[in-house]
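Structures for review follow.
Each of the next two complexes has chain A plus one more chain, namely chain B in the first and chain C in the second.
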Partner chain A sequence: MSAEAPPLPATPWRSNLSRLTRLPGVFALAAVLVAFLVGLLLVVAMGVPLGKAIPAFLSGAFGSGYAISASLNRSVVFALVGLGFILANRAGLTNVGGEGQIAIGGIVATAVALYGGVDGLPLGLPFILPMLAATLAGGVWGGIAGVLRARVGTNEVISTLLLSFIAVWLLYWCVQSEHLLRQPMTTSATLPESAEIPHSTQLPLLTGSYATPVTIGLPIMIVLAILVAVVLARSGLGFRLRAVGLNPVASARAGIRVASTIVLAMFIAGALGGLAGAMMLQGEQYTLKTGFSSGYGFDGLVVGLLARGSVSGVLSAALLFAFLRSGGIAMEMSAGVPTALVMVIQGLIVIMIAGAAYWLERREASA
Partner chain B sequence: MTWEMLAVFIGSSLRLATPLLLGAVGELVSERAGVLNMSIEGMMLTAALAGAVGAWATGSPEIGLLAGLLAVLPVAALQAFLTNGLRANQIVTGLGINILVLGITTLAYREIFGARSRETIPGFDKWSPPVLGDMPVFGEAVFQQVWLVYAAIGLVLLTGFVLAHTALGVAIKACGENPRAVDKSGLSVTMIRSGAVMFTGFTAALGGVFLSIGDIHTFTEGMTNGAGYIAIVAVIFGNWRMGRTVIACLLFGAATALQFQLPAMGIEIPNALLIMAPYLLAFIAVAGLVGRQNAPPALTVPYWRA
Partner chain C sequence: MLQLEGISKRFGALAALSEVHIDFAAGEVHCLLGENGAGKSTLCNIVFGVHEADSGSMTLDGAVYRPTGPAEALGAGIAMVHQHFSLLEDMSVVDNLILGQGRGVLKRQEWAEKVRALGERFSLPLEPFARVGDLSIGERQRVEIVKCLMREPRVLILDEPTAVLLPDEIAALLAVCRRVAANGCAVILVTHKLAEIKQVADRVTVLRGGVVVTQSTEPEAEIDRLVEAMIGRDLGSLSGVASGAVGAEGAVGAFEASHTPDEAGEGAEEVVQIDGLTVRDTAGAVRLDNVTITLRRGEIVGVAGVEGNGQSELGLVLAGLLPATEGKVFVGTRELTRATPAEVTAAGVGIVPEDRHRVGSIVAMSLTDNLLLNRVERFTRFGLMRRGAMRRTAEAMIGRFDVRAAGPEVPFSSLSGGNQQKAVLARELETEGLVFLVASQPTRGLDVGAIESVYRLIREACARGVAVLLVSSELDELIGVADRIVVLYRGRAVGTLPARPENRPAIGAMMAGHAQ
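Presenting the complex of A and B:
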């Protein structure tokens, strides 16, 4: 027994790269299939005929132009959070704060759209400025965790998780208080939510028709995905992220500024989350309410995990989860299967993928 | 504030701190052993449902408690296996378990009780100790509590003693400080850490059962609503020490009690600020703004025998 041997050989790139995410694609697919199978079994166990549940699911996910558009918009949110996750993960950082970064983005986008005096500006600025402000704010929110990690050594998992809770309750505060973003109380029945943002600040629809409401968020996300792929594969920043993730000490010796790389990685991850929040608000919900970000950050994290570090993985997982969610909601409404079923499926996928990642690595290392 | 109000405030702070205290005791043990047990939230939720179902089906809260303890076993065993058998990422698997449990408990609750049931479930009666319970003003308001509150205090004292003064306590803490040394001394890191996770399951189950049949005698979907996370936060804010963790739990319980107390006293403080307080305080603590943080060095690091 060589007890002093390092636990994992520090060999090739791939070996240490992103422990969570490096897995044969086949395995991710298998995990998804098994989880779906369990989902089907649960539907049967609940006594809902599959002949009713499956069509309800399919029509909710793909049944109409509207359903497909809604799913695509949702996938944009998941993809943005997932892209941020893999980028930070390349530097060895685990960003579990997507939920809070979305919430901060939503708050700032609402504030700018309603009270920033942007309504009436030319050139699309009314909807661009809130998005930019939200992106910046999300970046700062994520960047805080990066600064703490780089300067104090605080585990970014703990700090992003705490920042998420803080952001979610900040949002609650904003929509509860008339001094903040709550719409003016006209009657006692006025809901605790913001006023609706002006039409000019809402994201333009690609087709111009509310029957197929795909927003310009989709092309923006695709451009960003390409950008992230290029940055990761071909840029100096991509190299620095990778080096810091592999071995921060060696990177520092080689002259890489480790601290600023960590802060930048968390800033970008948070910025993508903030942008996702702005798109949810300006592209779909139009008013800020309690529970605005509920579940989206977690789904984005799962998408990032499933993606195994690749941008194409993020896009496929984001599409999968977006259609899964839409189908799940339809299944609850027309077949009476609670959407909680979707949570079961997601939980199983996360557990299987995370559980097997280390196991496979271990076998590889000892082989 | 009158004496009566103060008494009610202390009593409800203690009651609201109890599930946090129960969760945090177990979480502290497992974190000292090197495992950050995120799934404590899911464990509490599992026990809350199983406790409610057991008590409702049999009419006996004691059987509900037993059902809660049993139902947590597979959840805790899964977490122990993932973190110590497969050496999987502790946080990610914990979050995965929580979303899985939230899904399963919601499905099970609707299957058993129907979608919008508000059925009352038999729960534990309140009890007050002699002498203390007979005190004027404070006796009833502070000390008349479900016996689990007193059990929690006993558990805290016992666990604190074991951690500080026994060989087992040394072994547990060593697993979080220097697992390789533990391994070399001939003890099994995997066994000790798994045992610590199972212990968290036990205390989290008590906390979960307290929520459903100790405190409000009903179950609602996702009723833990972050209590498990707050228990983790209490351990972080408590700087991984028993005394400070207990104080953190009491502080967080008091913050919750204030949400109901302040409006009654005509003081306007945003509700959100009080709900946010535990997270904000813990964040200030981990940000290193109040002295050094002494997290166990091997926390969240899987141990490989090599």
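Presenting the complex of A and C:
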């Protein structure tokens, strides 16, 4: 027996994850700063004067109550998808289907808001019911991938990605067909999108003013974030998720129901994605149209990856990315710098944080 | 021929080897003796270029030898037979040998001649064109040895080569070692079995905790001294089982009387019926063939057999991890034939899986988590874990079962193998209403002290009336601990004999497939 080798970590990937979660915030901050620096260099290389680009970026991100509110609303969506990602990831699952779960949430929220007969119900039910329905639908959408994984062993990376395509095309279909969600065709110029949802189904604004349109989505997300943190750290479910993620065979032997844990994890991840979709529709867009999900599902995925399993990581990455996006959009509009620059900066941050973690790992191993 | 001077190697905080000096001489069989974790494999890996020493130097035939990888070691004339074979099962013996050595046109006939010639010279008979997948484990090992000998090595390292072999095959292998040494090669044989040393060693180096504790040029005469050096304690303090485990039975006298309480006699109530259990794998091959075993209260039934003869499948079926194709399992009055693992546990069955790291524990979780893994729901209230209660329960178990760890919250991976196994055993023995314990290879990879603890715990359970099914490939241990021994061969229970030393040859023959 070759038990004389040094005690090995469970698997390199796992130990990597745990290392990353312990990565000092200093590194994250440094990575962000360096990424911004490179971004600035790129701006200069493009021949855009910094004196024009930077103010554009700042005013887009923080320039007004409206800008800040829009960024916050965006961060709520990123955070919900990211929370779902880290929760499923605790069970060893990688949910890359945020985009599709958002789309399904949007479809169902629109359908319920427009045709569910909720307009006129008391107690906020008009906006609560579409959200709940969307949450459930997103959960089912994620749960499908969970069932496939638990029953047939289909890798959830593949299935969630493919389910996303299905969901996005389903959304196209819904807004193209009058039998589904498309608004009545009055002229040939009627756009392929749904009618605007009734005012009562739109998310209430915290300030009550459209000048600062932060919706009730923000406090809901914060409550959910606390809940996810408690579930992961203290609950029996969190324990099972971790056990299944670390060693499904040993978990099964110990009597943990591995299959249902996997399905539940994917359900919750999908549900949070569905809720994010409902919030995008009911809090911001009000009509369902093609391109509805806007790639937020993938941004949320990156937020989840960057967070390295921690809820506070999700929240900070979600804020960062949301403000980055807002600033980037403004920069494109008023300084002519393509928003793709924001993608470059995001990518750099991811690579540097992953690289720093790897480097720390190597250093620790050789120490 | 090969000198090691002051070799040290650390893995993180663990000093695997410190200041090791050894001379390996041509024409000698030099045994490296030591328990698991003593540094034997690390030493071999340094010589073979897998690891680089942190300090110290090696000289080969007077020249500095500093391999940066196995390829360089092979080039310098150092070959190694690993515990785990690296053969392609679908290819013939010759093709496996040509692999990595053949250049240009493959001259299969020429290679086949070489195989035959080598086989004759060293008594390693091999059919060159046989498919490796059709060969027995012993034959496959021969292929590995021939692969090394083809390179005409000056140093041949064999890392625990006998662990997978039948008694006859072991004798043949040791004879090969002798012949290779007689041919002028330095043979390094890693082992923790004393019988092998007595048979073959010219010189013995004993390692303990990464340090050379003693050497001997007359191992046969000094065997007691060597054992004491290996285990770091007095032989008199060793129980019969444990001495069986290190193969020192001759040195310390007869086995202590095997456990035969009256309770386990004819009159005791039958608690476990395994009836006609058959398992076919997905390819349709029969892995377990109509196995019937009955256990009484307080009885220890050993299951002997060379690994791969159905023991793993038997363990998995009983654990609820593999559905039986046919047959039934009853524990008490409850049928557990297709029970889930949770139902198995609920029926009072404790399972010590053969694979401690993959099935028995979650090494990245804490000791507490692992001790309570099968009953976390009892420590949840309103969905939240009662960490305090878990910790108290775990601490009590750690004390009772003498699990040595830096604390209840340390990662399971930080425990030594023996303490990990004690923790797994603690969890399973604490199963509510325990009536049946299945322990598969419970002492694999453990040192003598841990082996003693494991068997003490198993015997205590048995004294409380628990029926124990003990699956092991260590026949000496089974004879020391069990009441009777069932032999598995190719999935069938080919015979049952009382566990007495005088039945050893008969059991060995059954393990090899010679029907009685």
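Please note the rule applied: the second predicted complex is superposed on the first by the 321 of 367 C-alpha atoms of A that agree within 3 Å, B and C clash if a C-alpha of one lies under 4 Å from a C-alpha of the other, contacts with A are read in each partner's own complex, and residues count from 1 in each chain.
Please note the rule applied: contacts are C-beta pairs under 8 Å (C-beta built on N, C-alpha and C of every residue); 3 or more make two chains touch, one makes a residue touch a chain.
Everything numeric in this text was worked out from a predicted model, so none of it was measured.
*Asks:* When the two structures are overlaid on chain A, which partner does A:333 contact: first (chain B), second (chain C), both, or neither?
*Replies:* neither
*Asks:* Of the two partner chains, chain B (first) and chain C (second), which one does A:185 touch, if any: first, second, both, or neither?
*Replies:* neither
*Asks:* For A:237, using the defined touch cut-off, is the partner it touches chain B, chain C, both, or neither? Pick first, second, both or neither.
*Replies:* A:237 contacts chain C only, not chain B.
*Asks:* Between chain B (first) and chain C (second), which does A:29 come into contact with in this model arrangement: first, second, both, or neither?
*Replies:* neither
*Asks:* Where does A:350 make contact in the superposed view: on chain B (first), on chain C (second), on both, or on neither?
*Replies:* Touch partner of A:350: chain B, not chain C.
*Asks:* For A:227, is the partner it touches chain B (first), chain C (second), both, or none of the two (neither)?
*Replies:* In the superposed model, A:227 contacts neither chain B nor chain C.
*Asks:* Considering only the touch criterion stated at the top, classify A:42 as touching first (chain B), second (chain C), both, or neither.
*Replies:* The answer is first: A:42 touches chain B but not chain C.
*Asks:* Between chain B and chain C, which one contacts more residues of chain A in the superposed model?
*Replies:* Partner touching more chain A residues in the overlay: B.
*Asks:* Enumerate the residues of chain A that count as touching chain B in its complex and touching chain C in the other.
*Replies:* 1-8
*Asks:* Of all residues in chain A, which touch chain C in the complex?
*Replies:* So the residues of chain A in touch with chain C come to 1-10, 14-15, 18, 230, 234-240, 242-243, 246-247, 249-257, 365, 367.
*Asks:* Contact residues on chain A for chain B in the complex?
*Replies:* 1-8, 19-20, 42, 46, 94, 96, 148, 152, 154-155, 157-159, 161-163, 165-166, 169-170, 172-173, 176-177, 298, 301, 305, 338, 340-351, 354-359, 362
*Asks:* Any idea which chain B residues touch chain A in the complex?
*Replies:* Residues 78, 82, 86-89, 91-93, 95-104, 106-107, 110-111, 180, 183-184, 221, 226, 229, 233, 236, 270-273, 275-276, 279-280, 282-283, 286-288, 293, 295, 299-300, 302, 304-306.
*Asks:* Sort out for me which residues of chain C touch chain A in the complex.
*Replies:* Within the complex, chain C contacts chain A at residues 11-12, 14, 16, 36-42, 83, 159-160, 163, 319-321, 340-342, 345, 351, 353, 358-365, 369, 373-374, 376-377, 379-380, 383-385, 387, 413-414, 417, 444-445.
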